[in-house]
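Across the two complexes that follow, subunit A remains constant while its partner is subunit B and subsequently subunit C.
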Partner chain A sequence: MEEIKKNKVSEYLKTHINDVASYGGLIFCILVFTIIPPFFGENIWSQAKLANIISNVIVTALLSVGAVFVYSLGNMDISIGAQIRVYAMLIVLLGNVTGSLLPGILISAAIAIVIAIINGGAGQVLKVHPIIPSLVFMMILQGVSSIAYAKLGSRNITLRSVDFSAFKSTGLMVLVLVLETIVVSYLFYFTKFGKNARAIGANALAAEQCGINLLKFKVISYVIMGVMVVVAAIFQMGYTGSASDSTGTGFEMNVMIALILGGMPLSGGMRSKVSCAVVGSFTYSILAVGLPLIGVPTNMTFLIKSIIFIVVVLFTCRKKNGVLPR
Partner chain B sequence: MKSGVLKRVLAMTAASVLSVTTLAGCGSQAADTEGKSSKSSSSANGGTILWMSNLSSGPQYEAMVAYGTKICEEMGYNLKIVYGDGFNDPDGNLTAVKNGMTSDVVGILVSQDGGIQAIMDEYPDLPVAAFNTDMNSVFSEDANIASNAAVKDYPNFLGTIADGHINGADTAKQNFDYVVSQGYDKIGVVTFPGYAYPNLQEASDEIVKLCKEAGIEIVGGVVTLEFQPLDESYFQEADRDDLDALVALCAGTTFVYPTMVQAKGDKLCAADTKLITSGFDNDPSLVEDIGEDGTIGYLSISPCENIAYGLTLIDKAVKGEMYDDFVCERIDSAEYVIDSKEDIDNVTSKSILANNDYNDASVKYEDLQACNSFEDLKALFHSEQVMVDALK
Partner chain C sequence: MEAIIEVKHIHKAFGPTVALKDVDIKFYPGEIRGLVGENGSGKSTVTSIIAGMQEANSGEMFYQGKPWKPKSMIEAQNAGISMILQEANTISHVTVAQNIFAGREAEFSKFGIISMSKMNAAADELLRKYGLEHIKANHSIDMYNFEDRKLIEIVRCVNDDTKVLVVDETTTALSLEGREILYKLIHKMADEGKTVIFISHDMEEILEHCTVLTVLRDGDIVGELNGDEIHALAAVKNIRYLMVGREIGEKYYREDYDTSHSDEVALELKNVSFGQIKHFNLKVHKGEIIGFGGLSGCGMHDIGRICYGIEKLEGGRVIRNGMEIKTPLQAIESGIGYISKNRDSEALILDGSIQDNIVLPSLTALENKTYISPKSEKAMADKEIEAFRIKCGSGKQWVGTLSGGNKQKVSFAKWTAKGAEVIIMDCPTRGVDIGVKQAMYSLIENMKKQGKAIIMISEELSELVGMADKIIIMKDFKVTKEFERSPELKQTDIIEYMI
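Right after this comes the complex of A and B.
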């Protein structure tokens, strides 16, 4: 009996090591930053700090949740940051011209869908690595924003006539994140979009031979992410009511870090989960907010975050029998 | 339990211990530092001043940290540093301040202007002062599209002391006067983009105008560096191989000097072409190359002691002892003007830049205490004692 129990525990740990590492990491951070800060006269559960965590986490979490589809394919999109930059700029510029955020949001959504269709389809149609089209878009969008800001004569632009204070509301941030997570989870777990995306990530050839239209489901996955990028861009712009020529810098890396911290297999496949995005984003943000509360100098926080990242990666991303976990 | 899983569990335990140890180590290190601060100044219980720095390394940063920490100790505060966004992005700056905010912070010192309104909206009860930034894009409502509210109108904003001049035309005049004094008539001018630094755009426009009036040729016109070092091909353009001087309105010691030295080595640039610029680096080879016989003929540096200007205003605001004549304004910085071997020798041996020693600072806490009015404070930061000649 004892032996059977041990084997069950062992088997559980073996099959859920990603979950143990990612959820364990988040729980560990929560415990550490709950216990230690009071010794420094701080409290991570104060209203201000909770609001700070949410405002830290919102854009990365929205992007990461949206990116789950693409990552489950085993792909990644490195144009996310540049897209955020351009969409934020459009929303501010058109907001100032029209007095409403809607035109900027709609145009951004239209551009995002076009980019997603090309990003998702080009890899399949042109038989190039899926990251290449996103690399091209990253450069195009960087060029566009660079030219635009040079023409504007400033590195940052601010909403002048539109009230954006709603986007700073912690309640709205939580609500939108929850809604997005529910919608994406539904699509990911209970529709053929998610099932087929994971199947493609697990084994594209087998998926194709089972009759899955690779092009169609890859494009759909990118479109879902594109829409979520626009949602994230709205909150990014709403943080300070502004956009700059560096808005979104490194966001694609933040998404990657959050997903890996959350236990997402980089090669995609059946083990991909929406919860990876949420768990990873919160872990990353809690570290950013919590470390200064325990007296860690800012320049040390990067080092500590990297150590924790390495530890999680060692658990979740190591090859097994020469193959990445999927 | 199978050995593979056992290994993982052990590794996880080890990693957790490592993380906890690291966290505890860092935490106790900070606590130790605070302890030392308390020892050296028993009055360091007035809270913390949070400084959002635009630098994270280099001799000026090190000197500012050492000097600012000492001044804060004397005033009764701790100085805590967070790093502003590398691109001065408003969101990045706000996040840096929010993440670094602790309950004991009593004031905020900023060295970047991106997102300052958002920071002050977030912390309306904390006094905010600036230094090393001209706040050009956000100070007044008519500044430009980057501003939807003038920071000067915020009751908790205490003004700024710039890195150099707040007015680009004055920067141009300063460099132009040196060009004229040396009898140069064929120069180059490089700068950063105007959209990023509007005052440098003003400076480059002004220097073009002044040179035209004086009959001084700017070979090939003003060249804009998109935050990349000057390319050596600059000196291969027509007539640029024998310039009298190259005026770098941007941070020339970083973005121009290395290329210029390389170009001289490659015989693309005349050996006697001088660099006229601002900024500081304590790289021995660069320091050796400053002065009459060096590549850098003229160098201006804003004193690190400027940090005390902002700290003093925050201190006055926190203690409710603000000067009666205080008005929120932007002021120029005094500058170390280095144009001789003697000057640079003095700066690198007798100023706080030499060894971060508070005793070598040109402005001491007692000097700040002696200021009875805002005019006194401004005068102190433009007095003879903060000029390079005072080091003689």
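Right after this comes the complex of A and C.
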């Protein structure tokens, strides 16, 4: 009886290793950063720190939740950071010209959708690896923003006549993140879009033979992400009311790390979950805010993050049955 | 005589499903041991544990008298236990020789550089030894079909140090000639005092080639048959009884010879050209079962893919209800379903649940505006799980953990759930045991009665003769002969048009 019970536990752990590792990682981080900082005279749950965590988590979380669709296809997009840079710039520039944020947001959304269609379609139509078109866009957008900032004669620009203080409110940030998570979860779990995206990620051949239009649903997945990138760009810009030529740097990597920390399989497929994005983003942000609080020098945080990252990957990477070579 | 492998009290469960209860078997040198049983009875589970593919939950094993606990198939292979699987297991895009010597490149390298010419020469010699002159070592493996790849796999698995060879459902992938090569090999190995463990659903070949038979049912050993018992007249009946645990009755294939069907054409191929298939015409009527037979490279599998809109045609049209079919999506929308021969790679999402797989083609039908309710999905899947008696804990179980026959039931269930009117089945009973086969045949018969049109592509002549209203035999991408259903029709009359 004892044996069977033990078996059941180990069987559960085996099939839910991703959940255990990702939620476990988050709980571990919360515990560590609740218990240790008081010894250094700090408190992670103070209002200021909490707001810091939320503002830190918000952009990564908005992006990661939006990227769930693309990652569930088994694809990834590395143009996210460069897109944010350009959209933030457009929103500030047009905001100063028109006195409203809306024109910049709408134009950014239009560009994002065009990029998404090409990004999602090119891989399927041209039969290239889906990361290639996003690499091309990353370079194009970097080029565009550096030319623009050179023309402006400044490395950063600030909103002048528009009131953006609303975007600093922690309440609004949380509300938008919750709303986005609900919308994406609905699309992902209860509509054809999510079900088909996961099926494509799991087995594209089988998906096609079940009548799934690969091109259509890949493009839709990228469009969903594109829209969420614009939402994230608004909050990125809104927090400081400014944009610079380094806005968004490394965001595509933050998204990837957050998703992996949250237990998202990089190969995509049926086990992709929206919760991976949320859990991973919080883990990542708590690390970013918490490490300096326990006396870790800023220049060490990268190394510590990388160690935690490796541990999570080692836990979650699926052991393939060594079938070949024999 | 001392056993080469001894398995003691092995228990294995996948979640709630118990695959092996408490199994004891001894394998002896020089025997060809047949393992028979229905799908999910535990045949493949026992052998895969012996060959290091997975570990048992409890129990112990001994190999050559010493405790045996292989961590991987590589460890087992190095110790002399090799296994040939049901599904393809070769590495694409490299040469035949590289496949044969995968993991053994060091034998041909000097200072880290592999001599391809030496490797090719050695591979060619091995291929000749097995009588596979038509396969060339320096060719890319992609040039060869499923059957040849299977044969190449056999060449790779078996070498002089192999003491135990597991053949798991391999013959279903092989034509008559390929089978002969395999039979010769296993008899030679047995003569040399080695052990062969042979898993098959083909009762005839089991009775002909095995020296001992072990019958499994629901994870238990229920019987063992030796020499005389295997060749006894009632052997087949006995074995079937042991396997199923009840009399399954005589009814197996269709018993009627009524080939009547509606005049209404359900699917038509008009002057279709694709690759080596030229100007092909076909009419399938409602309530008709059309069987396609031939060797595996004869083009019959292509016909199935063409009917379903998978292949881009070079000429001609596929028509249903006056509409042209150009993509699988159009095919599905017009009520066509397709069951691929490559079950694991094309027909199913192994990492998905049974429910996910069954409802996948029906999502549009389940939609309410855009919302798909989990309840409706579960209802649809549970109905099929019950109708097909899919052996599982629940619809949430991953398809990858099911046995071959239960996987095949899931691929059938997708299309009955969808309510397809034309069903194209490519090797529908491949790797499926008699109990499930019987169920599938009666299902196919019912489909005919309901007026569904069926295209049944099969490498098993007996099931074509048993089920089809019309049998079309192909060879080298052309139709060589058509047979009408009749009680006088014999397999031997057909074979000459295939080869």
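Going forward, the second predicted complex is superposed on the first by the 319 of 326 C-alpha atoms of A that agree within 3 Å, B and C clash if a C-alpha of one lies under 4 Å from a C-alpha of the other, contacts with A are read in each partner's own complex, and residues count from 1 in each chain.
Rule of thumb we're sticking to: a contact is a pair of C-beta atoms (placed from the backbone, for glycine too) under 8 Å apart; a residue touches a chain by one contact, two chains touch by 3 or more.
Quick caveat, the model's predicted, so the values are computed rather than measured.
With subunit A as the common reference for superposition, the partners subunit B and subunit C occupy compatible, non-clashing space.
Comparing subunit C and subunit B on the residues of subunit A they touch gives the larger count to B.
Once chain A of one complex is fitted onto chain A of the other, the partner contacts of A:142 are absent, as it touches neither subunit B nor subunit C.
Seen from the C-alpha centre of subunit A, the directions to the centres of subunit B and subunit C diverge by 140°, a value given as a multiple of 10 for the model superposed on chain A.
Of the two partner chains, neither subunit B nor subunit C is touched by A:64.
In the superposed pair of complexes, A:199 makes contact with subunit C only, with no contact to subunit B. Of the two partner chains, subunit B is the only one touched by A:307; subunit C is not. Once chain A of one complex is fitted onto chain A of the other, the partner contacts of A:28 are limited to subunit B, with no touch recorded for subunit C.
Using the contact criterion defined above for the overlaid structures, shared-chain residue A:52 touches subunit B, although it does not reach subunit C.
With chain A used as the common frame, subunit B approaches subunit C to a shortest CA-CA distance of 6 Å. The contact surfaces that subunit B and subunit C form on subunit A in the two complexes do not overlap at any residue. Note for the complex: subunit A touches subunit C at residues 3, 7, 11, 15, 190-192, 195-196, 198-199, 202-203, 205-213, 269-271, 321-326. Partner subunit B is touched in their complex by these residues of subunit A: 6, 9-10, 13-14, 17, 20-21, 24, 28, 32, 36, 40-42, 46, 48, 52, 55-56, 96, 149-150, 152-160, 236, 239-242, 244-247, 249, 288-289, 291-300, 304, 307-308, 311, 314-315. Subunit C contributes residues 13, 15, 53-54, 57-58, 72-74, 77, 82-83, 85, 89, 91, 102-103, 156-157, 308, 310, 327-329, 331-333, 338, 340, 345-353, 356, 360-361, 363-364, 367, 370-374, 414 to its touches with subunit A in the complex. Taken together, the subunit B residues at the contact with subunit A in this complex read 1-2, 4-5, 8-9, 11-12, 15-16, 18-20, 22-23, 26-27, 29-31, 34, 56, 81-83, 85-92, 94-96, 98-104, 114-115, 117-118, 137, 144-148, 193-196, 198.
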